[in-house]
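Next come two complexes, and both contain subunit A; in the first it sits with subunit B, in the second with subunit C.
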Partner chain A sequence: MSRQKWFIIALIAPAILVMAFVVFYPFVYNVFLAFGNMNLSRIRDWELVGFRQFIKIFTEPSQPDFYVVFLKTIIWTAANVFFHVVIGVFLALVLNQHLKGRGAFRTILILPWAIPQYIVALTWRGMFNYEYGSINLIITKYLGLPAVEWLKSPTEAFLAIILTNVWLGFPFMMVIALGALQSIPHELYEAAEIDGAKWHHKLRTITLPLIRPVMIPAITLGVIWTFNNLNIVWLVSNAGEPSDNTHILVSFVYKAAFNFYSFSHAAALSLIIFVILLTFSLFFMRKTRATESAY
Partner chain B sequence: MMNQKRPHRFWVCHLVLSTALMLSFSGCGAKVQDLNTIVIWHQMRPDERAILQRQLRRYEERTPGIKVVEIYKETEELRSGFVIASIAGQGPDLVYGPSDPIGIYEATKTIQPLEQFLSKDYLDQFSGSAQTWHNDHLYQIADKIGNHLALVYNKKYLERPPTSDRELIEMSRQIQEKHGSLAGRPNVYGLAWNYTEPFFFIPFLTGFGGWVFDEDGVTPSLNSTAMVNALRFVRALRDTHRIIPNESDYEIADALFKDQKTAMLINGDWSWAGYVEKGIDVGIAPLPMISETGLWCAPMTSPKGYSLSANVPPEKIESVIRLLRFLLNEENQLETVRAIMTAPTLRSLYGRTEIRSHPIIMNSLLQIERGRPMPVVPEMRAVWDAMRPPYQAVMGGARTSEQAARDMQDLALKKIRDMNE
Partner chain C sequence: MAVQSKRTRLLKRLSSYAVLLFFCIISIFPIWQIVNISLRPGNQLLSTTLEIIPSNATLENYMNLLSSGSFLLWLWNSTLVSLAVTLTGVVLASTAGYAFSRFRFVGKKFGLLTLLTTQMFPATMLLLPMYIMLINLGLINTYLGVVIVYSATALPFCIWTMKGYYDTIPATLEEAASIDGCSPFMTFYRVILPLAAPALVITALFSFMTAWSEYLVAAQILQDSQLWTLPLGLKSFEASMSTQWGLYGAASLIVMIPVVVLFLLLSRYLVSGLTLGSVKG
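Entry: the complex of A and B
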């Protein structure tokens, strides 16, 4: 082998070593666990049992039901990413104008992202309290509507965690969209104006196509992060309350592993999540031709 | 282009970096034992932790060369983290907490028996309930007994605590009427507690004559008349008598009592000192009797203490046990009792006037006497997890009490089956 090849190998070897320890080894171990029977009573002498965990997940009734949790995860991810993108892009368009105090607005709008998630989640949980929470106080006092049992009813509790995560997640999309908007050459807009284009024409034919190459990877990342967002679900709903009705797949996995000690069951669920996200990412990236250049 | 000297320098740097990397990962395997550093994992609240830290500093001063590191972990994280870390050959030397995870620790072989290191004479100095024996081995020795719920009341609103459920309801109504309401919400509630957690529901279950296990101590007995009646009773407190808040988890109940917006609170001995510090004229009383059955509401009681990790090597055990004996000694227990009013475990301390004349500690002891020890079998974990969703569904109006009792039982049996498969 040539000296240059050795040099290249030497350069990438430390990175490969790190990857092997922090990515490949845990992943392979997780795959083994998924085909095993590691639980509380067999934590030290577990063995491989084939597809038993997967069969159990797909065929045996559980509390909460796997398919219901899966459906909720899709609703949770779709609703969050949709609002993150819509609000984020809208605010980026506003901030991209020549506004007075633009810097201050930008700082304020980034705040939700800058506050630690734990604090955000617990603050929102307090705000959703039926009697003393600020949200119900606003609803009853200023809107004259009846108070909502945010954390006691399954649907409202699920809505509450979505609202919290929407608030928390839009600044990321806003920052990404703003960066993409600022890279669009101004001449394109000037040319469009000369041609008599209205704002919505410019938005449809210039802005959106040109921010797409940046937004597609951001949306893909957003989907993966939201799909796997344990903190907000766990903390706002206090570990799936009421009655384990606010779980998404990842909180379901966490509960199986660390509350019930069903490590192999949790590993099998993790593998299913991995396959879902991998399939989605490949399909989405190919379908949207995200890797192609806009210019 | 590279000159002649550079490749050598490059390879040396590369070798150093790679070795450092390998060494850093070698820490991921079994723990390299530092015999002079003892690590304790615990779930003590800040006031308890401050006392522990003082005691450990004293120990370090008296035992030169030994360093003690205490690490706080939230209760659930402590339990699961300890099991996982221990299996990986990591974790602390001593783990401190309530006795209920002992069954799990024993099943996972993450702790080792203590009776081989502590003589019978030494153990006899401690109250029987301070020693957690499981499968004929001593797995935990406590510095506090109780960890139990009791009725906390604000003397500003009540001259004396209620002794029966009827009195509790009547007194709560009177307090609420006296202090009026705003937009349909009482300015002061009669009672509050964390009614999302089954641990806080146990006193009602026992008050109606129920328990979580059959006589064999491992088969759940959740589908019982007592369970149905207890669920109905708790729901009626909110929906019929309207003496508890519409929604109340631990934080809300705690905040309501601290803000003097509830006259009574059901909470554990870990919280009482905080209310006294807050300047509230606090009284502690045993939980009332259920008139229908003539039984006292009996909370679960459990000691809080230390267990020895299975990973402590033989050559380190002596120094860890020496520290354990120091933490359990009279001087340290008395310091804790004076500061946070918990019940001690050394028999000698019960004869002291300052304890016998302390109303909070004495009422706490009375409540412990009326309580029932929390089972330490691993099946208890399945019972908690099976009780929680149906209980919350009853309080949310999504299930009847009868249906919830059936669901709890089915779920508990399934979880135990899964656990043992």
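Entry: the complex of A and C
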């Protein structure tokens, strides 16, 4: 064989090996596990049992309940992505003017994204502390309202993880939206002004439609990341406290896998999450690609 | 043409600054909290006051942190693991990305698409099979174990970034080099790789940051406290909030400053890499 061919093989072989190892092996193994009955006591002598895990997940009541966790995941994802996009696009619009110190503002506003997530989560957990946390101090001292039991009651704890994640996620959307805004030609706005357009006309007919093609993939990514954000949920709520009331699907799976060691159960749940996200992405991207070509 | 009056323009400007200032305060608030906690003397860790700089601010926590062996041990462990992941990421992504960019082979398109779908894998879908594999291979409680899992998480993004960058380098360069008698390997190593330096830097830093800031995988694989990386150590400070909250603040600040600086320098490229990946998919 020629030297050229050997070279090609030498480059492709590691790529294929890596792919096999980091994508195919875990995926296929996960599928097998989902149809099996592996747990800590059956780590070597497990067998395939068909759809048993799935039937259990969908029909048997569990603590916390699968459907409740699923609903919470939807609320979590929708609330987070909504505020990320609204705050992000709003700040991008404000930053996209000739202002002094624009660069400095932009840098400061990216900070929440730049800090390692686990530090964000642990710090906010401290800030939500009932007696000493700065959030309750602000609420009681400056707003004169009663202190909130952030981490000990289910609704407030769920709100606390959403607040933390909204804080952490808006800069990504802001940066993406800012990039998109800067590529809109100025002449469009000038022409609109000659026609006497008000700011909300310009926003609705020029700005939003033109940043849409860039925002759609970003929103898709945002939904996937938020849906799968284990770090914030797990660390702010300290593994689902109070009493497993703050789980979203991924943290529920992490707990099933690594606190209860019911591996097959966890694998089946992982597979369900993956199918949900794949369906969502395909559907969402196809719909938006159709509108792109209509442009 | 509708000309805005001077007053409305001024008002618009002022309200823009007010909005930016408000959100900047919100962005900085938790960081200020960390600084504040790290400066508190030991007897005032749980204070109920909101001062910008605590009264009797002290560097006591930093002294204690740097003189305690465990923090330096975690720092060393984290550095070791992160460098190993960086090296793996750069070597595999630079070659695999080149293959995906330049050669035709069976399953190429499928391969690239599956790399994208890994973004939809819930963390547990990679972690659980890998965890069981590591148990079977006896790699629980080893650095090799975490390095394997971290590399697997970082590689899809790195390969896409490298591939995207190689795509912008014209193929005529390789043709010219081969006419000059360069072997394919020399062409890749001497001509293409130096040109791809910016993408290599992004790949390296992304891999490094993935490993440097990861808690949940490490928590399962590194159970021996001698092997702990920084995130595990910091979590243990936080868990005993009353006694070691000050150490947590000091350690967090030291750990995050280098990554925050790197991130700010890189944010532009990270975003272009992300959108590139999602647009081309």
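Note that in this section the second predicted complex is superposed on the first by the 272 of 295 C-alpha atoms of A that agree within 3 Å, B and C clash if a C-alpha of one lies under 4 Å from a C-alpha of the other, contacts with A are read in each partner's own complex, and residues count from 1 in each chain.
The working rule: a residue touches a chain if its C-beta (ideal position, glycine included) is under 8 Å from a C-beta of that chain, and two chains touch if they have at least 3 such contacts.
Just so it is clear, the model here is predicted, and its values are computed rather than measured.
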Fit or clash between subunit C and subunit B when superposed on subunit A: clash
Contacts of A:249 with subunit B and subunit C, given as first, second, both or neither: second
First (subunit B), second (subunit C), both or neither touched by A:258: both
Subunit B versus subunit C as contact partner of A:21, first or second or both or neither: both
Subunit B versus subunit C as contact partner of A:117, first or second or both or neither: second
Partner chain in contact with A:68 - subunit B first, subunit C second, else both or neither: neither
Partner chain in contact with A:43 - subunit B first, subunit C second, else both or neither: both
In the superposition, subunit B vs subunit C on subunit A residues touched: C
Touching partner for A:241 - first (subunit B), second (subunit C), both, neither: first
Contacts of A:132 with subunit B and subunit C, given as first, second, both or neither: both
Partner chain(s) touched by A:191 [first = subunit B, second = subunit C, both, neither]: neither
Among 147-155, 237-245, 255-263 or 273-281 on subunit C, the segment whose C-alpha atoms clash with subunit B after superposition: 237-245
Touching both subunit B and subunit C, residues of subunit A: 10, 14, 18, 21, 43, 126, 129, 131-132, 258
Subunit B-touching residues of subunit A, taken from the complex the two chains share: 10, 13-14, 17-18, 21, 37, 39-41, 43-44, 63, 126, 129-132, 140, 149, 151-154, 238, 241-244, 258-262, 265
Contact set on subunit C toward subunit A in their complex: 1-2, 13, 16-17, 19-20, 23-24, 26-31, 33-34, 37, 46-50, 92, 95-96, 98-100, 103, 105, 107, 111, 114-115, 117-133, 135, 151-152, 155-156, 159, 183-185, 188, 209, 212-216, 220, 231, 234-235, 238, 241, 245, 248, 252, 255-256, 259-260, 263-264, 267, 271, 274-275, 278-279
Subunit C-touching residues of subunit A, taken from the complex the two chains share: 3-4, 7-8, 10-12, 14-16, 18-19, 21-27, 29-30, 33, 38, 43, 87, 90-91, 94-95, 97, 99, 105, 107-120, 122-127, 129, 131-132, 134, 137-138, 141, 167, 171-172, 175-176, 179, 193-194, 196, 214, 217-218, 220-221, 224, 228, 230-231, 234-235, 249-250, 253-254, 257-258, 263, 266-267, 269-271, 273-274, 277-278, 281
Subunit B residues touching subunit A - in the complex, by the definition given at the top: 10-11, 14, 17-18, 21-22, 25, 28, 76, 80, 83, 87, 104, 107-109, 183, 185, 196, 245-247, 249, 251-252, 378, 381, 385, 388-390, 392-393, 395-396, 398, 411, 414-415, 418-421
